[in-house]
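By written order: A, B, C, D, E and F. Residues from 1 in each chain.
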Amino acid sequence: MARGRRALEAIDGAAGQAVIDALADISPDFADYLFEFPFGDIYSRPGLARRDREVSTIAALAAMGTAQPQLKIHIAAGLNVGLSREEITEILMQMAVYAGFPAALNGLFAAKEVFASRDAEKIEARP
Amino acid sequence: MARGRRALEAIDGAAGQAVIDALADISPDFADYLFEFPFGDIYSRPGLARRDREVSTIAALAAMGTAQPQLKIHIAAGLNVGLSREEITEILMQMAVYAGFPAALNGLFAAKEVFASRDAEKIEARP
Amino acid sequence: MARGRRALEAIDGAAGQAVIDALADISPDFADYLFEFPFGDIYSRPGLARRDREVSTIAALAAMGTAQPQLKIHIAAGLNVGLSREEITEILMQMAVYAGFPAALNGLFAAKEVFASRDAEKIEARP
Amino acid sequence: MARGRRALEAIDGAAGQAVIDALADISPDFADYLFEFPFGDIYSRPGLARRDREVSTIAALAAMGTAQPQLKIHIAAGLNVGLSREEITEILMQMAVYAGFPAALNGLFAAKEVFASRDAEKIEARP
Amino acid sequence: MARGRRALEAIDGAAGQAVIDALADISPDFADYLFEFPFGDIYSRPGLARRDREVSTIAALAAMGTAQPQLKIHIAAGLNVGLSREEITEILMQMAVYAGFPAALNGLFAAKEVFASRDAEKIEARP
Amino acid sequence: MARGRRALEAIDGAAGQAVIDALADISPDFADYLFEFPFGDIYSRPGLARRDREVSTIAALAAMGTAQPQLKIHIAAGLNVGLSREEITEILMQMAVYAGFPAALNGLFAAKEVFASRDAEKIEARP
């Protein structure tokens, strides 16, 4: 679980912590499972690069179209592990082929929000 | 369209050609669109490596769970563009987190079929 | 329910009856609901032409991708209410835009089966 | 692409243009693909009436339930190509049969918004 | 239909009535079908306890992930027919296994809203 | 993990073991995760009766429509933990309301297979 906690922090940063906090009064055990299975078990496995894991997750969540909050968290996580904005945009565009144009469009608009919020943070962080 | 035809051949090989052939008597125009948009336009774009495109597609199709024939074609395509069996297996396992254990299991069983068929081809190809 | 029974017969013919028969030993009441709600209530409403109802159903089932047996029944039903093979093919191709190329391909291959089975019936019916 | 641009304008009007504009700073190429494939290729094909194309799209998007913004655009587009409010309502009600009552309800509430916004435009347009 | 009306009232209370009211100006017939089929036919059948019916519905809607408004209504309905908050939370957590962690998380956050709104009602109802 | 192994055995019996065996040559680690998270963590939690857990899973898998092999395993598991055939049939019929008639029909046909296979086992087991 400690391994999962470190993995979550490295990948999702503040957004991941916000999810954990929001679970505190409804299901704190579920937060433990999040540390344990996705982050402790899966993301810590050596067989696939962390960057490839985020490519997979962004593609999957955009294709499913039922998890916009999680898609935004993983677009941000993708930037954190070194994907460029262009690469993320390409992944989302490609989803038009496999899940239809609306899935791609809704993914692109999610990315637009995440990118804008990163730009705003940079401006605020200026001295 | 010529660019798409070359991309399809490089990525999907015989399996892609079989899809095109199967369309001949119901919708030959749709085969043209397959060359034109997914392969001619999307897969030929420079902003994302072909390997990353296959990671995205394998993840998306496994998560959706409604396209087993296409998932098998893209697991084979993933091998063609340099993904290892281990990497493909990791992508599919990770889908348990985002789309549930049945999606991951059905993806792993699709991979098992593709890997077995590759092994059989190798045995047949021996002198 | 009598109205639903007549509607089912007119639209789905033998394939619809086969579904009803298959329900006999597991849930005969569900067969009644099929007569009552989809066919008795919805398909008997005057506000939309029967042809438009089949266009809607073919599009929806192909886009969802989780109901291949029902999609085949409604492709056949579409032919029964006057849709041409070309029109059905166009509806299915269009689903590539909204639900992705695999959904369209799997729909087209379902149509191919239905059309082939119609052709076989015609040959058998020859004197 | 020019053909696609004209088709988009005729079908989706201002709402389609808003989508194109929103793509400008994240993925202008994707706007080109929207003109090229869905509108330039698919909607411009002669084998299915434009009215039937909108029937198909409204049904598919309501059944999928993952594309509310696009569903609203196509309900408006349906009115533009001659579908009556009653016909659109019937298509959406019918989705209860194939995708469940929640899909139908969420589709009907989307239609309610589009119809109300049309009524508001008419009132504003009065001299 | 009278039976359905009573079932709806017992299960969904004010939230169900709000849905019926919202349908009044777009499709009053669809409100009748809601009384007739889901509530008059299905929920009134003796073969499954009402509590089990709500367990089924909460699980299904959370797994599908396309019907958040209806999921909230049925979480409230679950409380009305005797499910504890803990039981509802467990059902939603379990959906992580079958439909992925995002489906479970989005279900848990829906439950959090419903539980908070119940707490607020209790505070307001104090003398 | 030992707890998960016992839970799996109690619930899924031979069918669960077959899944574990099938994973041996592609991803034995994934079999461990199946023991650990769904069965060791979730199914062993005290807050929801095992019977309710199977009601939830049958409903969810039937509604999703993308996991027929797993649905069959859980229909059998439902019988193992005390659900009657009638109760399972009612859960599946109810899915017509939330996920559409095709989802309910495909679920009922899955149940029909499981029930028939149970009947065949009983006949074979006769002295």
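In this section, contacts are C-beta pairs under 8 Å (C-beta built on N, C-alpha and C of every residue); 3 or more make two chains touch, one makes a residue touch a chain.
Everything numeric in this text was worked out from a predicted model, so none of it was measured.
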Legend entry - chain D and chain A - chains in contact with each: B, C, E, F
Inset, instruction - Would you kindly state whether over half or under half of the residue numbers at the chain A/chain E interface are used by both copies, giving same or different? - result: different
Inset, instruction - Please flag the chain sitting at the greatest distance from chain E, going by CA centroids. - result: B
Inset, instruction - Over half of the contact pairs shared by residue number: find the pair among A-E, A-B or D-F that meets that against A-D. - result: A-E
Legend entry - Euclidean distance of C-alpha centroids - chain B vs chain C, Å: 30
Inset, instruction - Could you give the separation in Å between the centres of chain B and chain D, each centre being the mean of its C-alpha atoms? - result: 31
Inset, instruction - Express in whole angstrom the distance between the two chain centres, defined as the mean CA positions of chain A and chain C. - result: 40
Inset, instruction - For chain B, write out the residues touching at least two other chains, lowest number first. - result: 29, 33, 37-38, 45, 61, 63-64, 66-67, 70, 89, 93, 96-103
Inset, instruction - Make each chain a node and each touching pair an edge, then name the shape: line, ring, star, complete, other. - result: complete
Legend entry - Contacting residues of chain A [partner chain D, same complex]: 64-66, 89, 92-93, 96, 100-106, 108-109, 111-112, 115
Legend entry - chain B partner contacts - residues on chain E that touch it in the complex: 63, 96-103
Inset, instruction - Would you mind writing out the residues of chain A in touch with chain F in their complex? - result: 29, 33, 36-37, 41-42, 45
Legend entry - chain C partner contacts - residues on chain D that touch it in the complex: 37-38, 42, 45, 47-48, 52-53, 55-64, 67, 70, 86-87, 89-91, 93-99
Legend entry - Residues of chain B that touch chain C when the two form their complex: 19, 22-23, 25-27, 29-30, 33-34, 38, 61, 64, 66-67, 69-70
